[in-house]
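Labels A, B, C and D are assigned to the chains in the order they are written; within every chain, residues are numbered from 1.
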Amino acid sequence: MKDIAVVSFAQSDCRRDAGACNEVELIMPVIEQALQEVGLRNSQDVDFTCSGSCDYQQGAAFAFVMGVDALGAVPPIKESHVEMDAAWALYESMLKITMGQAESALIYGFGKSSPGELPTVLSQQLDPYYLAPLWVDSVSLAALQARVLLDRGIISEQDMAAVVSRSRANAKANNPHAQLAGDVSVEELLAEAEWVAPLRKHDCCPISDGASAMVIATVERARSWGRPFAVIKGIDHRMESHNIGARDLARSASTELAAEKAGVANGAVEVAELYAPFSHQEIILSRALGLDDSTEINPSGGVLAGNLMMASGLSRIGEVARHIMNGDIRRGVAHATSGPCLQHNLVAVLEAA
Amino acid sequence: MQYAAVTGIGQTQYKARRGDVSIAGLVHEAARNALDDAGLDWNDIEAVIIGKAPDMFEGVIMPEIYLADALGCDGKPMLRVHTAGSVGGSTALVAASHVQSGAFRRVLTVTFEKQSESNAMWALSNPQPFSPHLNAGAGGYFAPIMREYIRRSGAPRDTGIKVAVKDRLHGARNPLNHLQMPDISMQEVEDSPMLWDPIRFLESCPSSDGACAMVIADEGLANDGPRPPVWIRGGAMRSEPTMYAGRDEVNPQAGRDCVADVYAQAGIDNPRKQLDCAEVYVPFSWYEPMWLENLGFAEEGEGWRLTMEGATSLDEGGDIPWNCSGGVLCSNPIGASGMIRFAEAARQVRGDAGEHQVDGARTALGHAYGGGAQFYAMWVVSTDKS
Amino acid sequence: MSERLSQQFELGYTYTRSTGPIVGRFLTELRQRRIVGTRGDDGRVYVPPMEFDPVTASALDEFVEVADCGEVVSWCWVSEPRDSHPFDTPFAWALVKLDGADVPMVHAVCAGRDEMRTGMRVQACWAEETRGYITDIVCFEPEAQGKGP
Amino acid sequence: MSEDAGEHITAIETPVYLKYNFTAGQATTRFLQQVRQGKLVGQRRPECDCGNVYVPARGSCAACGLPTTEEVELGDKATVQSFTIVWIPIPNNPIQPPYIVANLVPDGANISFIHLMSECDNDSVHIGQRVEAVWKPEEEWDYAMDNIRYFRPLDEPDVPIEMIGKVPLAGWEGEA
């Protein structure tokens, strides 16, 4: 895949309930902001538009169709949609640019999770004969995974609480869009009751409404816009078996593979934004990516500070890009996930131009 | 852009209900058929691109997660496309872009719908609170557009009936079809119940179970298989909002722009002459004359003449047969319907369409549309690489 | 905004799922209170039976009967059951590796919070009327003493 | 429990029922609050060159992709842009087939919505026909489009085809 420039990124606040806001109303502000940063008007000024969303979040078939109303798609535009996190919409857009059918693209993801009970909704993502009829929710499956790590002595409950404590502190320091932020010690966190043991409520990401958007372009086009940009040097994603019993839940083989293909180890990783909806998964992912203390992990607080389901993966990439565009760092890694217990993972390596 | 070719095609039997398989079994069957057709095994595939229409049809959320094992995705990239009814076409194009970008050498793409798991009408007319619109179903949405077409063009009222008969007669040549109506007559269609005037029951598509898959490979691998490669000469997608003031719903701009793009890529300026056949998404009979105009096969207002003259009929020896496979009017597993059009165009080009083969076909159009006729995906495939 | 227009609604359908031969055989055996799995290409026994090998994607068709008791490989404790959950009092979800199987399955365990531990032996608790659903196994329960493998 | 293997299972019934608490969007809320008061109100974006009035607005001027911030009160009169005669019942709707479902553009708006037509001879309904809303009794009004029971024909000259979608709020008859 060609080097692709991330030229702008915008994200809404993570809100537990966006209330009277439909899909169009959620999307319009972030799209407008992402475009305006580059001096673009609407989707007419880019060559391709791609989005990510899931019908079942808000409980309406074709939820994405209304999104087109936010694009200014008259005259008609080149546009596509993935029923996945928008990080994969970015991936599709990068293919489009690399093949030469576009020089720039607008990508957005949105999710209004508040109307439903998200962990229960996600139980219907599972095998429809063996698991969905049991209504095993996504939190419980993650808890089974956490237990594997604890039992094997790979992590401790202190390690999990430390992830949460750092997430909240980072969110307070760096992320005005966070839903959960503040100073809370490991001791305070461990004093809280277990919820789906071994998980406590704070080990699980909150449920958030919102959207994010990004503009990408060829490096040449980005230069012509005369604004700072970050370059995606490598991107890869890999799937694993849906059968969690057949996987080694203590590691993420697909993240390891994607990291290798994306070239994570080809340089120092100053910042990593990981889509870890549960505290122990951040540790699994850090290990899979080969990160150590020299990497600052989730300076935004990650999704434990606010999880815009279907946009969170794109936001991770956007967060790393922003650090590079601001000149804070030269190289970082972003990650997105989908499916139970990290079944599907995407890894992107971003660098300064 | 890298060259890309279809090297394998796999379809399932289309039926009202494929009660003999699970969802995974259905999808695996099409994929396995495509691999066999290409002389390949799962290890030869680098990535899997899957598409389907709304998850509510089967009630499995983001089913690619569950289908990963049935499609040999362990350790591979897997992408899920959803662009409403056009998804079968869009998925093929996204799969092609994996190869055309040079990022992958050979990918598998699969689309499916197992509509018998639910009732398609339910899933689409799921009532949400505070909907400011009256929900009259897909027919209630599209019928007024057809009526406006009839007014504008002055098309005779039996144009739709002719299409319904023509596509079923084509379809009787294709053993995979859900509807098999070799003895259908104009009278039978005319006598079938009126649903949404001008749409009669037999002028509408069925609701089917089925899956369709293709293998797409780069130039270096294109000739590895037992079948001749079918080269992708052009591919395009366009979208416009469902409703905007001044929108031409009869002859949507998005369709015209999309086809202009794909023809330009394929070097086509006279589609009726340069294309040998077309597989076009016609879920209601009246959409044939409408799309004949939208896709540049006829001047505006003249599309019905081609239909009535038999130009689109294989049985009448027409010069530009449309939907030789029987089209959406014979089999409609919604999420796969667009890809079936794309795959059937490819079958014509490689000359293995059996009883519905157009003699000597070298170049063909595959077309899909969705939503309120607002999402389009098209490709042109050919025996020639360039 | 003067007013917020909100309303509860239920998005729901009863889907008729054709099972195909592998899932169908498993459910048919469950109705008889027997548990079967399929053997994967690497020889591992998957319970419930996988239709396709998770590594090679080949269709699996060698059935293996396994015991209705086994060992908890991992578990979590649901202190506040959700409306959709099968029990309204606290219970565990677990990965249970049945005797004769190589790959654990996800199901519920009904036991006291203090009884739960990794490695514990459990036994299927069958529904009074089995109908050919995964829920024919109501849950797993701690195995009676001295009834080990 | 019989030991007999019984029939091989080939299908299972799987209920998938999920509860949601749906909240209408801002544009829809504004629209339905007016409908609750017996008024049809469109929305537009004053800054848009097109100036198009949407009803029911979904939040944006779909052509431009920007919010419709201004309300435009519409009348009860509308024009038939197109229609279909429906021969199958709508689930949970008492209306009996055959009935007319029409795309109607209210005067002052530039986009059609779908609604029922009644008090008419189905065979004489036509494109360009003038109609007016028949509201339910005020005490039955809710936040719903079916506060308008249906539209019925008006004794006014037809709107020329090229004018459909462009009839001003002042109406058509004055210009006939």
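Criterion: contacts are C-beta pairs under 8 Å (C-beta built on N, C-alpha and C of every residue); 3 or more make two chains touch, one makes a residue touch a chain.
As the structure is a computational prediction, the values presented were derived from the model and not from experiment.
Among the remaining chains, those touching subunit C and also subunit D are A, B.
Distance from the centre of subunit D peaks at C, each centre being the average of the chain's Cα atoms. If you compare B-C with A-C, the chain pair joined by more contacting C-beta pairs is A-C. Here the spacing of subunit B and subunit C, counted between their Cα centres, is 39 Å. Subunit A and subunit B have CA centres that are 33 Å apart. Centres computed as Cα averages put subunit A at a distance of 38 Å from subunit D. Of all residues in subunit C, those that touch two or more other chains are 1, 4-5, 7, 9, 11, 13, 15-19, 23, 27, 50, 54-55, 83, 133.
Multi-chain contact residues, meaning those touching two or more other chains, occur in subunit D at positions 10-12, 14, 16, 18-24, 26, 28-29, 32, 58, 62-63, 143. Shown for subunit A are the residues that touch two or more other chains, namely 19-20, 56, 59, 66, 68-69, 71, 73-74, 117, 120-121, 124, 128-129, 132-133, 241-243.
Taken as a graph of touching chains, this assembly is complete, with every chain in contact with every other.
Taken together, the subunit B residues at the contact with subunit A in this complex read 1-2, 22-23, 48, 54-56, 58-62, 64-69, 73-84, 90, 94, 97-98, 100-103, 123-124, 126, 128, 236-242, 244, 247, 252-254, 257-258, 371, 374-375.
Within the complex, the subunit B residues that touch subunit C are 17-25, 28, 42, 56, 58-59, 69-72, 74, 114, 116-119, 122-123, 126-130. Put simply, subunit C touches subunit B in their complex at residues 5, 7, 9, 11, 13, 15-23, 50-59.
Subunit D contributes residues 1, 3, 5-24, 26, 28-29, 32-33, 143 to its touches with subunit C in the complex. The part of subunit C that touches subunit A in the complex is made up of residues 1, 4-5, 9, 11, 15, 17, 19, 23, 27, 44, 46, 48, 50, 54-55, 73-80, 82-86, 93-95, 97, 103-108, 118, 133-135.
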